[in-house]
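In this document, chain identifiers A, B, C and D correspond to the written order of the chains, with residue numbering beginning at 1 in each.
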Amino acid sequence: MAGADILPEERLRRRIHIHDPLTRNALSEFFGTFMLVFIGLAINMQFILSGEKLNTWIQINLGWGLTIAFCVYACCKTSGGHLNPAVSIAIFTLGKLPAKDCAIYCVVQTIGAFLGAMCSFAIYYDQLLNFAGDHRTIVGPQATAGSFCSFPAAHVTNLTCFFDQVVGTGLLLFFVCVVMDKRIGIPNHAHPFLFGMIVTMIGTCMGMNLGYPINPARDLGPRFFTLFIYGPEVFTYHSYYFWIPVFAPVVGAVAACWIYHLFIGAHIPGDKTEAIVDDSKMSMNKI
Amino acid sequence: MAGADILPEERLRRRIHIHDPLTRNALSEFFGTFMLVFIGLAINMQFILSGEKLNTWIQINLGWGLTIAFCVYACCKTSGGHLNPAVSIAIFTLGKLPAKDCAIYCVVQTIGAFLGAMCSFAIYYDQLLNFAGDHRTIVGPQATAGSFCSFPAAHVTNLTCFFDQVVGTGLLLFFVCVVMDKRIGIPNHAHPFLFGMIVTMIGTCMGMNLGYPINPARDLGPRFFTLFIYGPEVFTYHSYYFWIPVFAPVVGAVAACWIYHLFIGAHIPGDKTEAIVDDSKMSMNKI
Amino acid sequence: MAGADILPEERLRRRIHIHDPLTRNALSEFFGTFMLVFIGLAINMQFILSGEKLNTWIQINLGWGLTIAFCVYACCKTSGGHLNPAVSIAIFTLGKLPAKDCAIYCVVQTIGAFLGAMCSFAIYYDQLLNFAGDHRTIVGPQATAGSFCSFPAAHVTNLTCFFDQVVGTGLLLFFVCVVMDKRIGIPNHAHPFLFGMIVTMIGTCMGMNLGYPINPARDLGPRFFTLFIYGPEVFTYHSYYFWIPVFAPVVGAVAACWIYHLFIGAHIPGDKTEAIVDDSKMSMNKI
Amino acid sequence: MAGADILPEERLRRRIHIHDPLTRNALSEFFGTFMLVFIGLAINMQFILSGEKLNTWIQINLGWGLTIAFCVYACCKTSGGHLNPAVSIAIFTLGKLPAKDCAIYCVVQTIGAFLGAMCSFAIYYDQLLNFAGDHRTIVGPQATAGSFCSFPAAHVTNLTCFFDQVVGTGLLLFFVCVVMDKRIGIPNHAHPFLFGMIVTMIGTCMGMNLGYPINPARDLGPRFFTLFIYGPEVFTYHSYYFWIPVFAPVVGAVAACWIYHLFIGAHIPGDKTEAIVDDSKMSMNKI
């Protein structure tokens, strides 16, 4: 670092550095969501395929929270680390993301989630066989589909499911707006860690109905993958429930951003410019 | 941010910004307590209505702690994020909150808590039906009232309940005073997170008698709501226990603030002004 | 704060501020250890008296860790927040605490621990009766003495107990030295939180033999109190085991400090003065 | 500190300070890995030898995470705190560690791990006897070998084991690269804590197949020690599985570093020099 010759990683950088922001950000969102879903589904599988022995719900809550934190750290200086179409669309309505970028983000996030599901399936394939044998089922004692995406219990109506996802994703975006608000004054380097802890919190309060997908890519991407394993029932199950965790999170995310600003954000005293200058040492990132 | 045109959230701010501090702070306390109780009761319900399966006590402790942390982050730059009449009254005795503001805070916090209880009831209504059927009971195997507010076990006397709440809320305020003391020197942006961890700690030590309500609004607001579901027994239960978590926390909160300053705070060496200057980069907030 | 008239807490300060450092620090060590043991034993009781239902070991680990963190925060600017004779004696051997102060610290810490035990007994007296009835026993299914101080199982020899306490307290002081080392460069305001996390870590690795007392005051103070409840067996039990958690922690603490400096601390490159200047904005505290 | 005479630890430093970087760093890596494995195996033993009662998986995850964090804090200003041959080799391929140093690190890390295993065996020897009596077995209800190093279940193929270790160690290094990247801008004093949380996260997602050794020294060092207790089966077990957690982590570690830079790191906008200057207040360390 203090040496005269240049480090290998800097040499690589000079050779492959992508100068186009959209390409760079799309790659980052793709890879970040891939990592998020790969790790997150492996957490779920460690819970389900071990007969709820090697993980319990606290590890699911904490593990997903840390996974969010670290995946957002990875992408925070390129794309901003949305890793979630609901987040991207909410940020778009806040005027901080062009419509075209937003659309591309949503697509690559879903592709990344699909591939993430494939990899977590591969790494725990032996365990799946050991746990469920030839059974590939959505409900029942040897059901494993729930480790990929959400399947509501029979006693939960689709109306409740819809509001559950509106509220769950709403909580996420409400507190993400709090953390990102320059006037609240949280240093930028702490944001991804706090985003993760928000998800941990949501897991302790909004996990009972659906297991808090709160991310259209995280639910739909793996669901496409499960099509090849469990058949078309993954889409028809529970009166075509599958579209709820795709659309409801977007509703909740957009509403929550504006609710935060309506009730609290718009009324915080102080000049913004001043706050930005104060904080500028920490980050040159746009969100 | 560096662009010439103004962001939508700033446009909204210019249109609706509330300039009167009391109105702004009351709105903030109302909404913050609403969020706190909504999330917190959902945590309790996820514990009780899943038969203690989807949450265990560690998640209740950690979930409530994180909920406090993030709700205080949301309100810290407007009202200061008390979200608790006992905190507001203690801060009033410290001379940092006018009596009129304090009274208004207490009222809006309780209203917020009432509405929070309503929303958590709605989101887990299907689960309540599934768990308890038509039973709406305070004690027994299918009791669910405990997810809204505190109901002591028969073997705990009301005298113990009273001291439990004095001590529990006292611990909260003692350490809140530690964290807020400029001479201790904890950066302001870490305060809400540490407040949350204080609550997590209290949950591990003062949770057995009553489940640590330690907040008159958090207990009384939902209790009013349960009146419509479980009937007047929620107030008459255990020899009119209900007034204890309303008054005892105030006693404990005020006493603890002054105990901190008597035993430790007043004796910390160093000039305050100096400390404030040192810290001023972080916050323009009054507490 | 910005007002012309002075705050009540500052008025109190002017009236009662203790100028003598030793008196001030002794008061701080007394009160801090009182709080630590009061909260800590309440954590243990919530575990034992609820039949291991309301707390599990993770809460004991996390709860004790947070308790250490917040009690050290409270005392860090007065006495430094040792709250443990083994820590005080180790700091004495490092030349940072006069012998007289060290002796007084040890005494007041033990008195504080005694009173802490009394208060936690009072707050959970109803629960103790409910759990154990008239039984006041050290071993057996309704044993409760273990919530006050350590009692090894029959299959653990006193030799193992001795080394367990040497190692457990050694781990504490080794990492406390790491965190406090100016050359490591951790900001002062993070030290108490990290001290707490060290204790959480020790609870996960050195908890099986004795439950990690690692603090002579924390073990001996409550043991004196249990004398009145369980009789002299609390001292004679397990071949007069009681002296081991009094003396072994001191051995481990002193050894560990010097082992850290021998193996690592003394070899860190860089000039100390420079590091101190860099860090001086954060703290004026002597440790 | 402000006194005229010099502190004992500074006197020691003047007498024994090692000026040769390689000697100093090798000592640091040796001692840090010794501590890591000593504490880590004690965590495992507290789990296994208590019949999975005093620790559960969440404590294993959190305990190992904190252990990594504090052991890296201890060594971060001397050797950098690799404590893992896979990390050292990956850092070597990044051009930040000479080949000779890397080779020496790997050897002393393994020796440290061997001695760490010996010490944790000693501290829990009574408990081992109590739990397993004369049985010294790798599988079965009284198996204890798994507390030292990894032994896959029969239904997990060695191919899966290989990829599990590639991926597990890959996750570690991927996020270590994220945290260390100057352009991400995380303050240096937070790095060791985040490294620990990465390991906690890995434990929640990659723990089911092998229990996440992800460190050749941590697995091989204790395995040599178990040779004396359980006999040569520790090497022949599961078709000579032992070499997998030695080599696979290196593959994963090196690949992950470059994958991070290929997909994300190389594309982060901004000049590095600028970032370094900005951060230089925090650390003078080479990584």
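One rule holds for everything that comes next: a residue touches a chain if its C-beta (ideal position, glycine included) is under 8 Å from a C-beta of that chain, and two chains touch if they have at least 3 such contacts.
As the structure is a computational prediction, the values presented were derived from the model and not from experiment.
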Exercise for the section: Pick same or different for copies chain A and chain B, depending on whether their interface residues overlap by over half. Expected result: different
Practice task
Fit chain A to chain D on CA atoms, both being copies of the same sequence, and give the resulting rotation angle in degrees, nearest 5.
Solution key: 90
Completion exercise
Cα centre of chain A to Cα centre of chain B, whole Å, reads 28
Practice task
Starting from the mean Cα coordinates of chain B and chain D, work out the distance between those two points in Å.
Solution key: 40
Fill in the blank from the handout: Touching at least 2 other chains, the residues of chain A are 56, 58
Completion exercise
Every touching pair of chains is listed here as A-B, A-D, B-C, C-D
Handout entry: Touching residues (chain side chain C, partner chain D) in the complex
Key = 56-58, 61, 93-96, 153, 155-157, 160, 163-164, 167, 171, 174-175, 178-179, 183-187, 190, 194, 197-198, 200-201, 204-209, 258, 260-270, 272, 276, 278, 286
Handout entry: Touching residues (chain side chain A, partner chain D) in the complex
Key = 1-2, 7-10, 12-13, 16-18, 21, 24, 27-28, 31-32, 35, 39-40, 42-43, 45-46, 49-50, 53-56, 58-60, 62-63, 66-67, 69-70, 73-78, 119, 122-127, 129-130, 188-189, 193, 281-284
